Each structure stands twice: as C-alpha cells, then as structure tokens.
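Look for subunit A in each of the two complexes below; its partner is subunit B in the first and subunit C in the second.
== the complex of A and B ==
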C-alpha cells in the first residue's frame, strides 16, 4: 500500500509530502504519524508541504487535525513551506488553519521545534 | 522568492475576485461538446482531475493563483460528487464570451440531490462529516457558480474561471 515516509531525527518526526495525496493516503498519514509520535516518544513533528500545489479542505483538515492530535499526545507540530498561492486559496476557502504553527521553510521550522535560533 | 511580486499578486487576486463577472452566461456551452469528460468514482480520480484541471488552466494562461483556486474548487466539487452524489462525471469546456476565454467544469451526478441549496452553500453546514466548506468555498474560488439539483435525480454544478484581460 502506498505510504508517505516518516523520518525520525532525535525527538522529532519529519514528513515531506511530495505527492498529490488522495484522501485515503492523507488519512493513512494521519494514522501513521499519531502512532509514531507515541511509539517514538516524539516531541515535535515537522510537516513539509512545499511540494503541494493544492491543499483543499480535506487535506487542510487532515493537517489541522494532526496538529491537534499531536498536541494531545504531547508533541508540537510545525507545517512548513506552504506556497503563497496555496495560502491565499486556503484562506479564501475558509480554512485559515487556526492552531497550526507554521514556518516559511524547513530550517525555520526546525528552529521553532528545537528552540534554537535559525542559522 | 522576493516579497514584492508576492504583494502584487495579492492585489491582483483581490481585484479579480471583487470584479468577477456574476452575470448569467449568454452564450453558454449548451450544445458545445465538452473538451474532455472525466469520471469521478474514486479518490484517485479526484487526484487525476486536479492534475487535468491544472494542465488546462496552465495551457489557458491563468495566473498561478487562479490556477490554484480553480484546481482547489474542482477538488472540493469532485469530492462532493463522489461522497454525496455517489460518483459522477466532470465535463471540461473551454468557453468564450466577449473576447474572453475561460475554463468551465460541470459536475454531474445522479445522486439523491440537495434538498436545501442555500443551506448547503452556507459555510459550516454539512450533511456528512466534512467541514461544510466545499460548496461555499468552491463558489468563492470561482468567477461563476451555478447549481441545479432535483431530489432523487441528481445534482449539476457548473463553475467557470475567466482569464483576466
């Protein structure tokens, strides 16, 4: 079955979404991420969506829900790399992703999660 | 990516959505055969539709923001067709009016239909377990939006994005 890989780096989990996800794949990622947070005792999750040229309400909701689930499981989520056209479209769609921390790129997202200043 | 072009795009996006042409289509694609017909009967077919709509929007010279808005609207409407309409087809048209060219998508299903269209269009209302942003959101992302539904017969949603002059 098709899956999006989750990489572990210390206490962090890293996900780079590089395919246009269909809905089941998005739900699988949500399940996999929450399982891995618990299994690995992760404190932070970084989701890189810089390759996504479309985020619709389903994927947007998956991202928001995943961040909320991670928080309940004692992990912080940062979504990085959203394309400007995606941001504009999401807000116009009515999905401003409240409660989801974002950063412009992976480096800044990592800095947020590790509490260090970006290089 | 520098900040200045980003800012300009914002202005362009705002003005195009406020000046959007909401008048009924005088010519319409009625009688015009669709350029393409795509089935929407699975998750994967929604992804394929997104790709095709992106290709068409690029070919027509829509801006990146308009491409993204239209592809996103297509994705929302296709999901509605699949989940609430029990699957259906999408017809893609190239439309022309007053020297302008646009892209039109018609989503057709033979599902149960929508009993209360204004309520279905309101943000936050859903008869399933979605967010209730699909129809209203798709309407905001397009220049023209038309919905017809007959209970027990199905739903027909038509959306158009015009290339700005």
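== the complex of A and C ==
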C-alpha cells in the first residue's frame, strides 16, 4: 500500500508530500506520524507541501489536526512551502489553520524549529 | 399582420430622396452641431449611404422583415454609425434619432401620394413603422453594447493598474492599496501578493490602506483573508495606514483585528518589519547599532542579518 515516507533528522521528523493526497493516504499519514513522534521522541515535525497543488476541506482539516496532535505529543509542527493557490483555497474554505506555524520553504522552516530563525 | 410593400417603398425612397434628405439633414444637423461633431457633408454622406442600403434591401424582396439576412448590410452600417456616435458622446436617444427622424418626412410623403387609397396608406404606414422601430431599437442595442465594452475595458485596466507589489528591502514587501476593495479586486490583490512572496521569499508583507476610502465589514473581511493566506504561506502581514476615522469605524463595526499587527503609518510598519527580519538602517557611524535595534532613519546603509 502507498505510504508517505517520514524521515528522521536528529530530534526532527521530516515529511514531504509529493503525491496527490487522497483521504485514505492522509489518514495513514496521521497514524504513522503520531506513532513515529512517540517512538522517536521527536521534538519537531516539518511537513513540506510544496508539491501539493490541490486541497479540499478534508486535507485542509487533516493538516490542522495533525499539527494539533503533534503539539499534544510535545512536538512543534511547521508546515512549509504552501502554494499560493492552496493558501487561497484554504482561506476561502474558512480553514485559516490558526494553530499551525508556517514557513516559506524547508530552510526557513528548519530555522524556525531549531530556533535559529530571525523571527 | 403581414408587412408587404417592399418594392413600393423602395420606389418612394428613390423618387423622393432629395426631399427626404433635406428634411432629415436639417433635423440631424441640429443634434450633431450641439455635440460639436459631424459636419453637414458627412451627414449627407451617411444618409445617402443609408438610403442606398435600405433601398437595396427593400427592393430585393416584397416581404419586409428586418431580422432576415437581406438586411445584414443595413445592420452593419447602423452598427458602425451607432458605435461611432457612442464614442463621440451622443446619448442613446440622439443615436436612435438617426433612424427615427426619417419617419416624419416619410409619412408626410406617403400621405400626399396615397390620399386616394387609405387602405394601402395604412398598410405602408404600418410597414414603415415596424421597420424603423426595429432599426431604431437595433441602434440603441449596439450603442449599449459598445458602451459596455468601454466600461469592461476600463475595469480591467483599473484592476491591472491598482495592485502593485513593491519590494522595500530584501525580505520585506509593501502593497499600497488604492480605491475600494471588492471581491474581484481582493482576489487579484491576494494572488499577486502571494505570487510575489514566492518569487522574493519575503518574510514580511506590509499592506498599506492609506488609499482605501472606506473600510466596512466586507473590506475588513477581505483584508483578513489576505492576511490569513499570506500567513499560511509563511509570511507575516502588517496592516498600515489606518486613518483615525477608519480606526473608529473598525471598532464600531466590531471587526476583530486583534490577531493582525496594525500600525498607523507605513514608516512605523517598516520599522517593525526591519526589527522582525533582523535588519537595520544605520544613521551616523556604521556598526554602532546592534542588529535588531534600528537607528534613526537618516543614513542609507543597510545591514543584513
């Protein structure tokens, strides 16, 4: 079965979504990610969605939920590389993801997680 | 009721052309001179062309129906005249009169010619009336269409003109908004801002609303949407240029801007942006100020992070 890989970099987990997200894939990712956070004792999660062109309300909510779950497990989540069209769609859907931290690209997201960002 | 008598009318036009021309030009000249437009020679020319086309169309068939292909050339001609008059600033009424002012002289001739045959007179009067009404309405329709095209073109030009995104410094964008924000404009503003954020990798965008005349709940909602979308991309937004009246309106309307950084002037917003990005503008001795603590805005030396 198709799975989205989760990479570990020290205390951080890196998820890069490079395929079209469908609902089952999203649910699997949520399961995998929460298990990996607990197993690896991760302190930060970076989700790269720069290849994601299309979102619906389910995927939008799933991103928000995943971030909230990670926070409960004491891991900071940063969503990076959102496309303008995706951002507009999410806002129009009323999903402004208030609890999720965002960054423009992986580099800036990484800086945010490791605490070296100027922001 | 049938509308026959095409050839009879064509003969009438041919025989009485010069008389009709005289009366028609007199009426049209009064209107045209008020607009400072068309010269008499040009009007005569237009009329002769018009009558020629109408005669050709009338002569080609006994049945008179403006909506048949026989009248295509007349329609094209009327569309030309109407479009030309729309551009010259004529009113729709004055444009329609190009056709309608021919009715009165025509009826007068018909009455004189056919006094002996009331039945034929009534029939031809009806034919002419129907035909000229159709032509008059057609000119109005074309007039309207050409005006609408002008309006649509202007709207598009306005949309393109009114949403510049400028880079103030590496990592800092400014978006000076001018004019009222509606849904269509917000969409364009949002798209161009987000696109520019991707291109420049900016961390902060300053939305300056000094040029926005009024802020109601809808405009505020549009602004908040833009801010939210930029945040999703990983850039922070500052709203600046809020005038005292607008601050009052926003609070009275109960619009919640708590989660957005707001500043009174673009200068204040720029200072915040500099602080956030760890850059500073130094005045006097360089390197005397630590990054993150911007000095007075006198010098012109920029220090990166």
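Note that the second predicted complex is superposed on the first by the 116 of 119 C-alpha atoms of A that agree within 3 Å, B and C clash if a C-alpha of one lies under 4 Å from a C-alpha of the other, contacts with A are read in each partner's own complex, and residues count from 1 in each chain.
One rule holds for everything that comes next: contacts are C-beta pairs under 8 Å (C-beta built on N, C-alpha and C of every residue); 3 or more make two chains touch, one makes a residue touch a chain.
In this text the structure is predicted, and so the values were computed from the model without any measurement.
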item	value
Subunit B versus subunit C as contact partner of A:88, first or second or both or neither	both
Contacts of A:11 with subunit B and subunit C, given as first, second, both or neither	neither
Touching partner for A:23 - first (subunit B), second (subunit C), both, neither	first
Partner chain(s) touched by A:108 [first = subunit B, second = subunit C, both, neither]	second
Touching partner for A:96 - first (subunit B), second (subunit C), both, neither	second
Partner chain in contact with A:57 - subunit B first, subunit C second, else both or neither	first
Intersection of the subunit A residues that touch subunit B with those that touch subunit C	83-84, 86, 88, 92
Complex contacts: residues of subunit C adjacent to subunit A	187, 190-191, 194-195, 197-198, 201-203, 225, 228-236, 259, 276-278, 305
Subunit B contact footprint on subunit A (complex, rising order)	20-25, 53-58, 61, 83-86, 88-89, 92-95
Partner subunit C, residues of subunit A touching it in the complex	79-84, 86-88, 90-92, 96-98, 102-105, 108-109, 118-119
List of subunit B residues in touch with subunit A within their complex	1, 6, 9-10, 13, 17, 43-44, 46-47, 50-51, 54, 64-65, 67-69, 71-72, 75-76, 79, 123, 130-131, 133-134, 136-137, 140-141
